[in-house]
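Supplied in structure tokens, the structure appears directly below.
Note that the chains take the letters A, B, C, D and E in the order they are written out, and that residue 1 is the start of every chain.
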Amino acid sequence: MSAHDLAAATSTEALTTELPAGRSTGWWGMVMFVATEATLFACLLGSYFYLRFQHGGEWPPGGIEQPRLLRPLVMTAVLLPSSLPIVWAERGIRRGERRRLRVGLAATFLLGLTFLGLQATEYAELLHEFTVTTNAYGSLFYVITGFHGLHVFIGLTMVSWLLSASLRGGSFGARRHDRVRNVAIYWHFVDVVWAAILFTIYLSPRLW
Amino acid sequence: MPAVTPAAAADGSVEAGLLTILLAVAVALLAAGYGRGVHELWARRGAGEVVPVWRVAAFGGGVVVMLAADSGPLATLARGSFAGHMTQHMTLMLVAGPLLAAGAAGLPLSLACPASLRRRLARVRSAPATRRLRRPATTALLAGAVQTLVLWVWHLPAPYVAALDRPVVHVVEHVCFVAGSWLLWAPVLGAARHRLPPPVAVLLLAGTMLPASALGAALTFAPQPIYPLRALGSDPVADQQLAGLLMWAPMDVAVLVATLTVFLRWLLRLQRQQPGEVGPPEAGRPAARAEGVLR
Amino acid sequence: RTPPPPPPEIRSGQPERGAALIARYGCGSCHTIPGIDRADGLVGPPLTRFGARSYIAGELVNNADNLQHWIADPQAVEPGTAMPDLGVSAIDAQDIAAYLYTLD
Amino acid sequence: MSTTTAPPSGASQEDLSRLDEHWGERPSLRAWFSTVDHKRIGRRYLVTASLFFVLAGVSALAMRTQLARPESNLLSPQEYNQLFTMHGTAMIFLFSTPMLFGFGNYLVPLMIGARDMAFPKLNALGYWVFLFAGLFMWASLPFGAAPNGGWFAYVPLTDDVNTPGLHMDVYTLGLLFLGIATTAGSINFIVTALKLRAPGMSLNRVPLFVWAIVATAFMVIFALPALNLDNAMLFLDRRFDTRFFDPDAAGNVLLWQHLFWIFGHPDVYIIVMPALGIVSAVLPAFTRRGVVGYVLVVLAIVSISIISFGVWVHHMFATGLPQLSYSFFSAASTIITIPSGIQIFAWLATMALGRVVVKVPLLFLVGFIVTFVLGGFTGTMFALTAFDQQVTDSYFVVAHFHYVLIGGAVFPILAGIYYWLPKITGRMYHEGLGRWAFWLFFTGMQVTFFPMHLYGLFGMPRRVYTYRSEPGWDVWNLVSTVGAYILAAGLLLVLVGVLHAVRRGRPAPPDPWGGDTLEWSTDSPPKPYNFPVLPQVHSLHPTWDEPSRSSMAEGATPDRTLADGRTTLLTSELDGRRERAVRMPESSLQPLLLALAMLVFFTAMLFAWYPVAGAAALAVAVVVAVWLWPPRLPEEELGVAR
Amino acid sequence: MDRTRDRARPRRRPPRRLAGTAVLAGLLPLAGCAGDAPSTLDPAGTGAARVADLWWVLFWISVAVFAEVMALLVWALVFRRGRDVRVRHGQPLRFVAVAGAGVPLVILVVVYALGLRDLAALGAGPGRDATTIEVTGHKWWWEVRVPGVDGATANELHIPVGERVRVRLHAADVLHSFWVPQLMPKTDLIAGEVRETWLHAERAGSYRGQCAEYCGTQHAHMAFRVVAEPRPQFEAWLARLGSPARQPSTDAERRGQQAFLQGTCAGCHAIRGTDAVARMGPDLSDIGSRWSIGAGAVPNDAGHLGGWIVNPQTVKPGSYMPPQPVDAQRLPDLIAYLRSLT
């Protein structure tokens, strides 16, 4: 290694900003966090199937109707594409385009908010029919969807947090976008989990 | 029941007969294409060169197992009980799929194509989107997701019964199983240049095993029949439990063995590349270090 | 190990056997009696320091004869008392009394 | 505290002073609360977990005293039930795992040649949360509101009808709270071991202890969610009347058991795995050679951590599930003994081929082998369903798990304490005291728990606060109680030995044992930056091989001292190639604040002060947001396109 | 009605059990002792006997493997220390693989096969037309009923010697576990579900059973007794279970019955043939002849009965029977009446 290379490798900006070499610790941390969260959701959905198989008989039990499909499908159509703007935003900030970051984050935020709004209307309807205390199906339904809704909400706070940081300026750029990528990973995870929930809660009762 | 041997066409239904012919043609095409590609390769590079003989044998074995699972004693077993049917599925997913994957069929099959098609394939493969898809992590996630989805969806009662009733659906079901399994095992057993890094492969296999085990466990622990009685054998609950266990145990064993083998081979390779063992400096240690209590 | 001597109030009782009998007759489910396992009943009066008592059941002077009599047949001494007749034989009553008198 | 210094490192005096300036901490109250130094945090973990161990151990002594004689009246049933529940819960959750995480915290960065953990502030958060969660749970005992449903808290006994009051709310909330610390610690270990290894430390040169910690961390990540979900459901059932476990409303009481043991069985290996790692770390120093069959041991570690997820039903062999599933789980439970066997025989072979140096740590390793093997045998017996159905929930099981837990976790922990005491405190312990402690502890352990096999076989069920006198029960229970006091005396001597070493011990050289891993190549106790010159690793035993050692003496180039900032090196995940230097966070009060906000949240949930809980959740969110807020940089440094 | 019955054969003591008993005479002084000890090593029925045999196999295998491990360990500690020992740097992977994986694998396969055989035997069930007994676990006592017989008793069930009897297990509140160590391994009682097990006794006698799943405050006092007796006595027990309780015969007993029916007792307890039909506490129709009070809390005699009635909370703290405000004059009568109900 020549002295020149040494100086380049140890100069301050080489130490304080992120070069695109290898995965960062933040990436690994977020991936591991997502892994443990995914396990949690797997356990939740597993509990759903366990109770369903153990119950035998009609499902949903206690005269609750089959879940209606239209709104969940609309919610899916809102939530799954919401990953695209954040991918686009991340690509943008990787090239230093701050406007793309802001626009993409805002779009994701709006889509996520729409999703939560739709979920609220769904709850408002279903709560007349059954509640979390009606029976185990009610508990499962609301806890699973509610827990996912909580994750969407947390994701939204993350996105809005990114958005406000990026609006401040001086936060993200081509050499620092770790946080954007980590939030994007989390958001994709929330999307994928919704797909699993759609299958478990809304579709699987129709496949018995 | 659709079966590939012409003998089973004695079922009489036209649909079944047509399907049989169609399937036979498809499998024959697959085998012929692979054979031709391998022949081409060996002709250029010498026998046993790019695709070793054991890979060819594996592919052949895979095709044979695929045929065997859908006809003969296994098919009759499958007709009798849910557990028999599960045996059939597990044969397809745990034997046929991995064998086909070990055949490293990508290169031979594309070689067998006509030149124009081959060019188009090459263009698709080098497109940015496919290149992104073929990144190890993406492939792994995709393969795991596909396998899980295939397994869960087809074993839910409604699709399962549909497959029992309609030969077409049944064929689709089995094709899904073989394809999903092929996709899953290809990054583990396939050609070296497409293989996943061993730690990723271990994570992928273990992560795919868990939902599959969960389904097996759910079937094993269920106290009542979940499927319509006509789908189950004479002792419905016992049949269902046995089927659940058949899904659960072989899957776990196969994955465990594969995982540990991959891991062990990788560690041994690392050991060979970067040896690690040394002994303590017993004699002639530097004076500054000789103050230790143990000498 | 020699068994402990009988207390002065009673000549020929065996306190050690008395303790075992108390456990066997179940006195402890009504009385709190020191030195007996699980004798922590709250139904009748506690028999702590019984050797120093003046009266038995508020009726009889506390001496060995009266105590044996009471234990063997409380209903005869005080008809209608809540303490049931437990069918304690005279010998057993003597030993039980001997144990109770060791509680000073 | 006087220390001795390591052999002169290659770093210049000027570099050393700059490193001191960046990494050193002035002693002050604020520094004490805000430190993120993995060594201080690791020490705190060790001390706090030991405190909880003493509390849980004293509870056990109280239980044993009650059980010394039949029909004894020392404890009321309510007290006894709270005591054994707190004993089990604290030993499992508040002692074993945190104690081993403490060793991991102290040693992993030192063993892999890094300057700190990957996420130092998260590390501090983990410690504070562990401390607060432990205090949260123990604080309930003086009020008689401690958990009383057994450490696995089966429903429906623990629902709001059968256990009213706060008991089980303390349990569910306490474990959920603690789960935050465990998960954070595990993520930290994984990322540290993946990214912060010294250059040249490819995965086959990673010390076995680090392998064990990483495998443990992976198991935590995939097992703990099941417990968290279980506790959350139970809390919802108790507080908000959901019906997960209500069989009258399509719920199922066995769901609790499945989820608990899907966590619980991996958890026993989560406990024992780092302890086996300690064995693999201590043994080379006292046999003067590396552990035989490194590759096989790593394979055993990995296979245990995979198989352990597939055997949970062996804790439910008596619940009447289908026979077929029992045959499967029985097979899986027998298979899991094989990796343990590989490790045991690898260590035995190491001893047989090396030159055995008998010191206190080695004595504890011998005690470990004897005890753990006995416990493992009874475990393998349970793996046979028919036998297990006869002895499950009897004292035979209690004997099994104390043999594997004390044999597999406590013996290695004590070995580790004696082995690393010179490194952590800079002082040597007193060998004679240590030997007394070992012999008292070892005999006490056998005398306490071996008879439990017997009265278990004689039909004595566990978790009884008293028992009728039966042939074979009274005598052996008395023996057990006597043994427990002998055992406690041994532990008291351990405590005395540690205090004596800290106060009076001889100053320790940097490498008193001739150990093989990197922590022995730096000062005792290490400097805040661990290594003046980051090592270049050339083998599995870097302290033993000349190139690795000289890399710390001669390779003092600026890219290896990294003295102009609080920085450490990132390397590639698999083969440890150097990637880049990264800046590490300074000390901060945020972890403490965040943990306090969480404590307020869980306390408020416990007492149903939901507005307060909402405010605390908000506070948590605010602290996290501030914690992660990106510092402002000039645009050109960020690389913003205009 | 023809019941399957196992032929009552004399216990064949396998030699290895004899040897084991001999070797462990120092450690297990009571392993083979008969009598009331609920020891799993003193089996009295086919279920427990199979497991006891299995245990001795496992025990000897463990002794052997433990001896192997100890031999290696001691050898290393004795011969491999000291200055002049040369460290050998080989990697005997094969030794580790064979000793740590190969040999154990062989042992485990054998042991697993044995275990599977016994599991199948235990799971075989009592046969279709075996006698059935319904047992319900309450906190903290056992309710025993027989289908077709309109009566109940508590904490005590009778079975005919030499026959397999089906026991159906229900949980009234929380999980309990039904365990008679000398007759049969455990089966848990699961809330919301019904579990089945079976009992078989080779010789007449009474065998102690115990709740083996932690069920709360008084889990320690939730014992029961299984009485194995020849078929005629068993039939007599069934008949007694179905017939009204004994009528009072003396004045004191009559006054006691009045006190029982008009006091608080009838609110929780039933006595067949009277107005007391409540099912919150145990049926007391045969309380005079039971083996204990409070599911093994105290022996059943007049003294303990009196103390129990007036304040069960000192006898069995936490139990669900509250202290009873019985008139002092009525207490001896009540005791006399209950003692007369055999």
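Here is the rule we go by: a residue touches a chain if its C-beta (ideal position, glycine included) is under 8 Å from a C-beta of that chain, and two chains touch if they have at least 3 such contacts.
Because the structure is a prediction, the values reported are computed rather than measured.
Steps from chain B to chain C, taking the shortest chain of touch contacts, total 2.
Of all chains, the one whose Cα centroid sits at the greatest distance from that of chain B is C. When chain centres are set by their Cα atoms, the one at the greatest distance from chain A is C.
Looking at which two chains touch through the most C-beta pairs, you get D-E.
Legend note: the chain whose CA centroid lies nearest the centroid of all displayed protein CA atoms is D.
A separation of 38 Å divides the Cα centre of chain D from that of chain E.
One simple way to say how far apart two chains are is to compare their mean CA positions; for chain C and chain D this gives 57 Å. Here the spacing of chain A and chain D, counted between their Cα centres, is 32 Å.
Contacts with at least two other chains are made by residues 210, 221, 223, 277, 279-280, 282 of chain B. Shown for chain D are the residues in touch with two or more other chains, namely 252, 254, 288-289, 295, 327, 331, 357.
In chain C, the residues that reach two or more other chains under the touch definition are 38, 40.
Every residue of chain A that touches chain B in the complex is listed here, in rising order: 42, 46, 49-50, 53-54, 56-57, 199, 204, 206-208. Interface of chain D with chain C (complex): residues 69-73.
Residues of chain B that touch chain D in their complex: 197, 199, 202, 206, 210, 213, 217, 220-221, 238, 241-242, 244-245, 248-249, 252, 256, 259-260, 263-264, 267-268, 270-271, 273-282, 286, 288-289, 291-294. On the side of chain E, the complex with chain C involves touching residues 298-299, 301-308, 310-311, 314-315, 326, 328-329, 331-332, 335-336. Taken in their complex, chain C has these residues touching chain D: 37-38, 40.
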